[in-house]
Amino acid sequence: MDAFERLTLEEIAEAVPDGALLGVPADYSGVPMAATRALIARGARDLRLYCLPYTTLQGDMLIGAGCVASVEAAAVTLGEHGLAPRFTAGVESGALEMRDSTCPALHAQLQATEKGVPFMPQRGIIGSDIAAHRPDWQVIDSPFGNAPDPVLLVPAVKLDVTLFHAPYADRDGNVFIGRRRELATLVHAASKVLVTVEKIVDESLYATEASAACALPAFYVDGIAVAEDGAWPCGLTDLYPPDAEAIRAYAAAAKTQAGFKAYLAEFGLAPRPTPASQTA
Amino acid sequence: MDAFERLTLEEIAEAVPDGALLGVPADYSGVPMAATRALIARGARDLRLYCLPYTTLQGDMLIGAGCVASVEAAAVTLGEHGLAPRFTAGVESGALEMRDSTCPALHAQLQATEKGVPFMPQRGIIGSDIAAHRPDWQVIDSPFGNAPDPVLLVPAVKLDVTLFHAPYADRDGNVFIGRRRELATLVHAASKVLVTVEKIVDESLYATEASAACALPAFYVDGIAVAEDGAWPCGLTDLYPPDAEAIRAYAAAAKTQAGFKAYLAEFGLAPRPTPASQTA
Amino acid sequence: MNHTPEELLIVTLADMLHGDRHVAVGAASPIPCAAALLAKSESPRRMHVSILHSLSHNPFAEGARELFDAAAQGRIDTFFLGGVQIDGSANINLVGLGDYPNLRKRFPGSFGSALMYFAVPRVILFREEHSKRTLVERVDFISAPGTSPPEVWRRGGPKALLTGRAVFSFDAERARFRLESVHGGDTPETVAEATGFAFDQAAEVGETPAPAAERLKRLRRDIAPRIAEFYPQFAARVWGLAA
Amino acid sequence: MNHTPEELLIVTLADMLHGDRHVAVGAASPIPCAAALLAKSESPRRMHVSILHSLSHNPFAEGARELFDAAAQGRIDTFFLGGVQIDGSANINLVGLGDYPNLRKRFPGSFGSALMYFAVPRVILFREEHSKRTLVERVDFISAPGTSPPEVWRRGGPKALLTGRAVFSFDAERARFRLESVHGGDTPETVAEATGFAFDQAAEVGETPAPAAERLKRLRRDIAPRIAEFYPQFAARVWGLAA
C-alpha cells in the first residue's frame, strides 16, 4: 500500500464531479494547468469556481471551454496581459454567472469552514455594491461594546474539491506548499483535495523543522498525480516563471471564441457546445 | 541605522511595562526564559499573562516572583514534572486571579484581533463551566440557517506585549519561527513585539521560498535581543531539548515559597514582596 | 502468554480504533499512543496517527491552532481525554476540586477538551485510576460536558470509558455509562463498589479479552521500541527497554 | 533638469509617504513602487516597503491572507488604489460599466479594495488617465465607498488623488475632492474641463513642484535600476534601461 493515493491526470479530472464547487488558486499559488486541460478533455460541466481570491488563465480557459456555470472571485484577469477574454465575453453576454466578492471575504468564508463555525465577521465592505448584491451576507450589530457597530457576517463556504499544483510531495504524501498558506485554507475548507506535483522526493518534509514549515500534511490529501511543468504556462513560485509569450498568445487567440477554439485544438481539446462557450 | 532595533535583555525587560497584558507562548514555541529572569530582576509587577494556550516554567516563576496579577490560560503545569507549584499555591490561596479558558478560545480571541474584527465565533464550549464563568463571552443564535443554532462569540483580545524566544533572526530583523505559527498569532495580536534569539545570521530568510515560509517578517518586530540558550531550561524546537534535571530541580525547590526564593537566589534574583508571592 | 496490565489497556484501546482514518494522541499518553500505533499496524487501509508532542510525528505545520481547526473540520476520528474527575454523565473535570473559583485543590486546566469533546466523532475517556475519587457522581467543575441539548452543535462525544478495572460504553441519549466488561480479577460488583456514579450493565458483562499471543508479540516487537522513543520511562517500566 | 511625466508622478507620490513606517504596493504599479522606494531611501527612520508581487520583496510569509490581516491590524500606513471610474465622493469602481449585473463592459473585479479602503489610514488614489471617462460624477458600481456613516468602523480612507494632470486632496467630512495643484501645462480650468465631477479648490492652486535636480539624480541612479528588476518594460520606456 502506497502511503498516498497515486493518480493520473485523467483520474484527477474524473475525481472532480460535474457541478462541483471547485477551489481555484491565484496565479502565485500553483495553478493546476495540466489538470485543467485534463478537465477540459473530460468535458467537465457546470463547475462553480471559488477563487482565492482571483483566477487568470485557468478560469478563463474553463469558461471558454464551457465547463463553468458560475464564478465567485475578487477578480478574473490575465494581469499584465490584459482582460480575461472568455470571462469578459461570458459576463457581457450574460451567459456566465459572476458572483463578485473581495479578497478578504473570500478568505473569511473559507476560514469559517476551516474553524468549523457557521460564519465569520469581516470588516470593511459595508456600503459597497459588492455587499449590496450579496443577499447571502448579513450585517449585525456587534453584541460587544456599547456603541452601535455594524459588522458584516459572511457564511461558511465548504468546497467540494480543491485542486492545485505544487513543487513536490514526499513519499508519505506530504505536499510542499511553502509560504503559500492560502493553499492550506483552500484545503482545510474542502471535502476532497487533489494535488498535482512536479515530482515525488525521497526525503520527508518533516526531516527538519525548517522544511516541516513548508508542508501540507498528507492526511488532508485524497490523491496526487505527477505532472511535470504542471502549472505551465503559469509560473510556479521560484521554480519557473510564467511563460509570458505563451500567455500573450492565449490572450490574443482567445479574444474570439473561434480563436479560443483554435487554441484548444492545439492541445487536442475542444470546447463543450454550451451557451457560455458560444459567445463571441 | 540597523535594519532592526537591537536591545539588551535589560532593555527588553524595561520595554514590558508593569500591568501589561503579556502574550506567553507554550513550551513548544520558544519560551523566553532569559528574558523572564530579566523581568524578575527588574521587579516587574501586575503582569497579566495571556497564554497561548498554556504556560509552564515561565508562568510559574513569574507568579512565584510576585510579578503577576492574573493568568488567562487553558492550563498551567510543569507537564511530566507535575503541577506548577507557585501557580497552584497562588490559586489555592486565592491570591492569584485565574481566568480559565480553553485552547481554541485563546486562539480565537487573538485571531479576532489578527483580523481586526470585534469577535470570533467558536464551536463547542457551550455547557462547560468555563463558559459559565466568562461573563465577557456571549452566546447568540446564528443568523444563518433556519434551525436554532447557538454559537459562542468570544471578543477580540489585544495584547500589550508579546515576548518570545526564537532560534535566530536575519540581519534585516526577520525572525525564524518555522512551523510555530501560533507565535505569529501572538505577534499579530500585540501592540509591541519583543524577541530574543540565539543568534543573528547573515543570510536573509527570504533567500529561498523554503526559508521564507519560516519567517516572521521584520515589520512586526519592535526589538530583538541576542540571548544564547535563551529558552533554558525549557527546550527550543530541534536545537536543544528541555533540561529535565534543571526543571525537576525547580519543581522540587518551588514546592514551598522558601525553596522558590532559594532557587531564585541562585540567579541573583529575589521575589517581590507581594501577597501573591507570600503564599506557602 | 502473560501480559502486563498496561498491555491489556493498549490492546483494548487499539480495538476501539479500527476503521479510523486519523487518530490524534495528546501529551503524556503512552498507552493511547501505543494503542494508536498498534491499530495503525493492523489497519487494512491508510490510517494517520498524529502524536502531538513529537516533533517528527506531529504533522501539523501551521502551529497549535491547526489541531483544533482540523478537529472542527471533522478530520480527526478519535481522540483521547481523561479527567481528574469523570462523572456518570461523562462530564469531565480537569480544573480542580472544590467550589470554583475557590478551589481547595487546583489542577492544570481544561486544555482543548471543551472543543475536542464536541468536534471529534469518537472520544475515548481513559483514566487508569478507577476509584470513587476519580469516578464521581457529579464533577466539581465541567471542563467539557458529556452531552449537549439537541440544538447545540455537536459532532461527537464520549463513546467509551476505559479504566484500570473495566470498559464502559456511553449512551448519549440516556447520558449514562454501561459496563461492558471487567478486567481479570474484577467483577461487576467490585467495579460498582469502586465507582462513584450509577451505571447500566450490558446483558452479559464478560471479562475484557486478554491480548492474543501473536498480537502481544507484535506489540512487543514492533510497537514497544517506538514507544521507547517518545516515552522512555514508560517503555523501561513495562517492557524493560533501555531508555 | 528635465523630468519625464512619470518622474513627476513618482516624486509627488513619494512626498505623500513621508513619516510612514510601512507602505504596501500592489501589482502592476511601477510608479507607486518607485515612489515607495524613493521615500524609503529618504526616510530618516526605518520604513518598510512591501512589494506584493515580488517573491523577494513580499515579506508576507503566511500566504495571501496576511496582507489583509496586517491591514486590518493597522500595520500598513499607506496603500494605493485605482479605479476604472473614480467619482466625486471618492467611490471607486473596478468592476465594470453599465447597470450591474448587466454590464456592457466588464473589468477584472474589486480585488481587496473593499477592505483596504477602510483599514489603511492613508489610501492614495492614483490614475494616470484624467478624463471625464475615468473621473465621473457617480461610479456605475461601488467596489469600495469613499466615505462611510459614522457608526461604521473605518480607520482610514482616501487622502489624495493623483492623476496625470493634477493633485487633489480629499475631505471626508464634505465627501469632496479639493484641487491642490496642477501639473505643468494644465490650469485649474483645463483640469475642471477634463473632470466629470465637481470639486473644491485650494486658496491658491499652484503648479505641482518639479523634482529637484539632486533628487532626480538619486531617483535615476538608485531607484530606477531596482524598478527595472520588477518592471523591465517600464524602466526601459522611462529611463532607457535595458530590460
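Should a chain be cited, it is by its letter among A, B, C and D, assigned in written order, with residues numbered from 1 in that chain.
Methods note: contacts are C-beta pairs under 8 Å (C-beta built on N, C-alpha and C of every residue); 3 or more make two chains touch, one makes a residue touch a chain.
None of the values given here were measured: they were computed from a predicted structure.
*Asks:* For the interfaces A-D and A-C, which has the higher count of C-beta pairs in contact?
*Replies:* A-D
*Asks:* What is the distance, in whole Å, between the centres of subunit A and subunit D, each centre taken as the mean of its C-alpha atoms?
*Replies:* So the centroids are 29 Å from each other.
*Asks:* What's the distance between the Cα centroids of subunit B and subunit D, rounded to whole Å?
*Replies:* 40
*Asks:* Rounded to the nearest whole Å, what is the centre-to-centre distance of subunit C and subunit D, using the mean of the C-alpha atoms as each centre?
*Replies:* Each chain reduced to its C-alpha mean, subunit C and subunit D end up 59 Å apart.
*Asks:* Which subunit A residues reach two or more other chains?
*Replies:* Residues 115-117, 122-123, 149, 151, 179, 181, 184, 209, 212-215, 237-238 of subunit A touch two or more partner chains.
*Asks:* Residue numbers in subunit C touching 2 or more other chains?
*Replies:* As it turns out, subunit C has residues touching two or more other chains at 55, 60-62, 72, 119.
*Asks:* Think of each chain as a node with edges to the chains it touches; is that a line, ring, star, complete or other?
*Replies:* Graph shape, chains as nodes and touching pairs as edges: none of the named types, so other.
*Asks:* Which chains touch which?
*Replies:* A-B, A-C, A-D, B-C, B-D
*Asks:* Spell out the part of subunit C that touches subunit A in their complex, as residue ranges.
*Replies:* 21-22, 45-46, 48, 50, 55-56, 59-62, 69-75, 119
*Asks:* Please give the residue numbers of subunit B that touch subunit C in the complex, ascending.
*Replies:* 26, 28-29, 52-54, 73-77, 79-80, 83-84, 87-88, 91-92, 94, 98, 100-105, 107, 111, 122-133, 147-151, 179-185, 237-238
*Asks:* What part of subunit A is in contact with subunit C in the complex they form?
*Replies:* 1, 3-4, 113-117, 174, 181, 184, 188, 206, 209, 212-220
*Asks:* Sort out for me which residues of subunit A touch subunit B in the complex.
*Replies:* Against subunit B, subunit A makes touches at 108, 112, 115-123, 138, 140, 142-145, 149, 151, 153, 155-156, 176, 178-179, 208-215, 237-238.
*Asks:* Over in the complex, which subunit D residues touch subunit A? Could you list them?
*Replies:* Listed in rising order, the residues of subunit D that touch subunit A are 27-28, 53, 55, 60-66, 68, 72, 94-96, 100-119, 141-145, 148-149, 151-154.
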